[in-house]
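Which chain is which? They are A, B, C and D, in the order written, and residues in each are numbered from 1.
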Amino acid sequence: MDNVATIGTTAHGHADEHAHEELGFWRKYIFSVDHKVIGIQYALTGLLFLLFGFTLMMIMRWQLAYNGAPIPLIGQWLGDARAPQGIMLPEFYNQLGAMHGTIMVFMGVVPLAVGGFGNFVMPLQIGAPDMAFPKINMMSYWVYFLGGVVMLTSFFQTWDGGVGAAQSGWTSYPPLAVISAGQTMWLIGMIFLITSSLLGALNFLVTIIQLRAKGLSYMRLPFFCWAQFVTGFLLLLAFPPLEAAGVLQLMDRLAGTSFFLPSGLVVAGKPLAVAGGGNAILWQHLFWFLAHPEVYVLILPAMGIVAEIIANNTRKPLWGYRAMVYSIIFLGFMSFIVWAHHMFMTGMGTVMSTFFQTTTMIISVPSVVILTALLLSLYGSSMRFNTPMLFALAFLPMFGIGGLTGLPLGLAVTDIPLHDTYYVIAHFHYVVAPGTIFALFAGIYYWFPKATGRMMNETLGKIHFWGSFICINIVFMPMFIQGLAGMNRRMYDGGALYTHNAGLPLELNLYIGMAAWTMGLFQLPFIVNFFVSIKWGKKVDRNPWQSTTLEWSAPSPPGHGNFLTEPIVYRGPYEYSVPGAPNDFTPQFEPEKSEKGR
Amino acid sequence: MLNNLWLPTQASTHAASVDYMIILVHWLMLVLFVGWGGFFVYALFRFRKGANPKASYVGAKGKFAKGTELAVVVAEMVLLFGYAIPGWSARVGAFPSETEAVVVHVVAQQFQWNVHYPGPDGKFGRSSITLISAENNLGLDRSDPDAKDDIVTINQLTLPVDRPVLVRLSSVDAIHSFGLPEMRVKQDAVPGLEMPVWFIPNRIGDYEIACSQLCGLGHFRMRGFLNIKSAADYQSFLDEGAKELLQQ
Amino acid sequence: MHSDAAEIKKSVRTYMMVGAALLVFTAITVAVNQIHLAIPLAITVALMIATLKASMVAAVFMHLSHEKRWIYWALLLTAAFFVVLLSVPLLTVSNTIGKPIHAPSAAAVAEH
Amino acid sequence: MNIPYTVETRPDTGLANGKLGIWLFLASEVMLFGALFSSYIILRMGSVEWPHGELNVWLGAANTVILISSSVTMVMAWASLKLNDHGKHRLYLILTFVLAAFFLVNKYFEYSGHLTRGEGPWHSTFLAIYFTLTGLHGLHIVGGMIVMGYFIGPGAKMWKTKPEQFTNRIEYTGLYWHFVDLVWIFLFPVLYLL
């Protein structure tokens, strides 16, 4: 609300004051307005949340693998309200599930992919000295941080109808979400996270529209920036409805309203004392109106990262760059009108389901176009298999599996047996985990030298890659089998009660668990590599990957204001192996020969 | 493997067609994946740096990409208009008439399924939330003449084979989902709404009702039983229920 | 500050006129309300007047009548998704197999 | 370091950063209120009866008049700057601020009237959406007042050093304020009259 003031206040030029004055520690590393520092803050916080979210899941997988056995190591610390004698309670399982989803999506991937990579890389790639509104940028990080703190502390709350965090899934469907414990903190946390994303999105959009370097027309924009651009619009326009819905649900909890509570509710044998008259499905519409675009927020930056790395390591231009750009715009647009494919089982009639099935099938086409373009980019290339490239290449088939299994979910009839089973879990984890997370790993290995001036270790990187790649497939592939067999998701006992799960589907829980824990171990080389390389990695110059885009013309790490001279762009983003050129890469910032002489 | 895909037993008339469609989609997925994957693996070997030291600026040529994309679109449209839309409209449009079908009310509640049969008179008695108690989860008003013969069971849905079944589904607290894996039936039970669900069981046997929507800490154990009986066995089930009511 | 003083003075007059028109329309809205039209008609009239007023504010006070291309594009996109958003209610209640159960409200229950 | 186009406009877009920023912000606000209006429609369509005449039309109308007037004074505050008349600008801005305060006072009386009768948001779906919509709108008014307060007080000195940028900021504040007015233009008939 007071953005107006901030938009204004950020606007002055600091040029003269900054040239000489050294910033203190706090202004330089903590309350920095430099997009690179903020980007790194976002990325580190996001990574920590990813690790935390993964840890929650490893605990859950224990319960699924060894139903009712005490949790080793940490079990005894969890307390009687969560795990008496170390044995997990169903309430706690539900909390872990809801928080795993929330943390991974809103506090892990989005902050890392958009807040981290977007902030750090995008202004460099467009040749801007910083974001358009540096103070808003700082504010959006700190609002996100606050939201994170609220979410984390919610595990310890005791005043909101019970102990612990939200336990109604990341989707928070009312009436359950209104009548169960811990949800208030979740809603408050979400309102912070949404506000932060809105501020960030606004900043990104203005930056891309206004601060592109001279000569950098839209069709010369690196694909990563296009991805961030479309993502910005998704965040800007899809998040407010969830913010509104969050306010309504908060009112239902705190002010006794019944927006989402119909009349005649009976909870635990007693009529619920509310006015009633609300609509439970309304929440689902508002939630998915955000959450479907949100899943594209998770994938588009990943596609952008993969495109950059593939172009760089194939040493040739992206095949069909233009088609990719049109596809990503179309994808962004369509993502606003498919949301109800998550709601086929809520009693949808033929007309509405026809509409949403059709849009869902249509939206798969631009994904196919983008993936096909990336795949064809490999043809005729001269591929280098370094760690970022391995992760980026793995993205392609993994996203393929995730995307293709979206098709049976998108057709209402085949969604009947699959809805809310582990098939859905497997579908979207293939897109977000070996998909997005792998792309993010690729991006970290790729841009690490830009951020630190040092390379990460290749051997540790390859161990990380192969370990993760093998384990993650053992985690998620069996879930398709479980889902087809009818095993439902969000089951505290992994569906052990049901006879249709008996045999193989149930047994698989054990192997999935083992693979998940092993994958946890394979993250250790990465964590070690990450921190050790900051200090002891091999020192590199500006352009270690011999890349063409603008960020590589700045020093590594870039100083305040990014570029030493004003960057000017002369050509498209991926001019690799140009016939007749002296090198196999012709950077965007390299003047034409005729101009060089001047 | 692609013949049954680990799907549960088919025990309703439409189950086979749902499965057929699932298998069809999976064939499409497999063909696409193998096609793309084959190209991918080929490219990885053929165009590694060692095998192809100099990259080509132009790269792939030809209409190959357009062709596959078009094929994907066509296949999806066939699935959509040929199977999915008609299939769905049969599920949510072509409800059997109340007279020919077996009609039951199923009221979901944390964490059980209350089943309400109209009894011999074929009429459902009135119920009111003010009458709800531990013994009367539905709040059934037994003073209503229509309610006198109504049979109520918990977590136990018994139905005759080979007859259309119309379930009227509702919930009194959270959203639950009435999942019958072997029937290929799933429908959310949304408080404030009454949802019709229909199917024709065609296989005698004991099956399950699986709650398929997170509804609280007991979600995982909200399991019901579905018994499909022969017409005669179903009748004796109803008679037994009526007898029990008389004894009370 | 490209526009010169004379032009600004001219727009000041427009602002005053639009302000006056807005007040008149408000009065009309209230007056129409007093004669108790049938509800659908009342809704149509009131919303039409409101839309008219809103477009006056947007066009004149917010200078939307002569803005730059990018702002039109952004608003067009927003308008498109706004329409989608406003169709949510229709989607929720029109094509659904669920029938609302009109249970008594808790207040009514309490009276028993 | 200088961020380009904070004051001057970028040639190809014709815009300064702040202008685009505030409009994008308003775009997201459109979606925020859109979702709430959408919820209003849903609740109303699903309700058996919808109360009429529960709110005081005259208070609502008075607030409409107040907000419209404040929009006029706001745009005048900006136009005065364009005419290089800082004194007049201040006067108009203070007037806008005072009108906003009147709006809130009025709203306070309405709220307390309902609450003393025990008719809080929990009372009915109508009052629930009424309190939510007007409450959120009221928060926007408060936000606007904070910004205006800043430009009346400590922010005003910028006029001396960077008049052009100051004028732009007032313009952005105005855009926000007109939007808040615009929302109320819909809220008034929707809540008070229909």
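Note that in this section contacts are C-beta pairs under 8 Å (C-beta built on N, C-alpha and C of every residue); 3 or more make two chains touch, one makes a residue touch a chain.
This is a predicted model, so every value here is computed, not measured.
**Student:** Check A-B against C-D and say which one is joined by more contacting C-beta pairs.
**Tutor:** Higher C-beta contact count between the two pairs: A-B.
**Student:** Among all chains, which one's averaged Cα position is nearest the averaged Cα position of every protein chain shown?
**Tutor:** The most central chain here turns out to be A.
**Student:** Taking the mean of the CA coordinates per chain, how far is chain A from chain D in Å?
**Tutor:** 34
**Student:** How big is the gap, in whole Å, between where the Cα atoms of chain C centre and where those of chain D centre?
**Tutor:** Centres of chain C and chain D (C-alpha means) sit 14 Å apart.
**Student:** How many angstrom lie between the CA centroids of chain B and chain D, rounded to a whole number?
**Tutor:** Centres of chain B and chain D (C-alpha means) sit 49 Å apart.
**Student:** Name the residues of chain C that each touch 2 or more other chains.
**Tutor:** If we look for residues of chain C contacting two or more partner chains, we find 70, 77-78, 81, 85, 88, 92, 96-98, 100-104, 109.
**Student:** Quick one: which residues in chain B touch 2 or more of the other chains?
**Tutor:** In chain B, residues 92, 129-130, 190, 192-193, 195 touch at least two other chains, as defined above.
**Student:** For chain A, write out the residues touching at least two other chains, lowest number first.
**Tutor:** Chain A, residues with two or more chain partners: 209, 237-238, 241, 262-264, 271, 274-279, 281-282, 286, 289, 346-350.
**Student:** Who touches whom among the chains?
**Tutor:** Pairs satisfying the touch definition: A-B, A-C, A-D, B-C, C-D.
**Student:** Touching chain C in the complex: which residues of chain A?
**Tutor:** It comes out as residues 209, 233, 237-238, 241, 262-264, 271-277, 279, 281-282, 285-286, 289, 336-337, 340, 346-352.
**Student:** Quick one: in the complex, what on chain B touches chain A?
**Tutor:** Spelled out, the residues of chain B in touch with chain A are 5-8, 18, 21-22, 25-26, 28-29, 32-33, 36-37, 39-40, 43-44, 47-49, 52-60, 64-65, 68-69, 72-73, 76-77, 79-80, 83-85, 87-89, 91-93, 109-110, 129-130, 132-134, 137, 139, 172-175, 177, 179, 181-182, 184-188, 190-193, 195, 207-208, 210-221, 223.
**Student:** What residues of chain C sit close enough to touch chain A in their complex?
**Tutor:** Of all residues in chain C, those touching chain A are 70, 77-78, 81, 84-85, 88, 91-92, 94-98, 100-107, 109-110.
**Student:** If we count contacts the way the header does, which residues on chain C are in touch with chain D in the complex?
**Tutor:** 1, 3, 5, 8-9, 11-12, 15-16, 18-19, 22-23, 26, 29-30, 33, 39, 42-43, 46-47, 49-50, 53-54, 57-58, 61-62, 68-71, 74-75, 77-78, 81-82, 85-86, 88-89, 92-93, 100, 102
**Student:** What does chain D use to touch chain C in their complex?
**Tutor:** 13-15, 19-20, 23-24, 27, 30-31, 34-35, 37-39, 41-42, 45-46, 48, 57, 61, 64-65, 68-69, 71-72, 74-76, 79, 82-83, 164, 167, 174-175, 178-179, 181-182, 185-186, 188-190, 193-194
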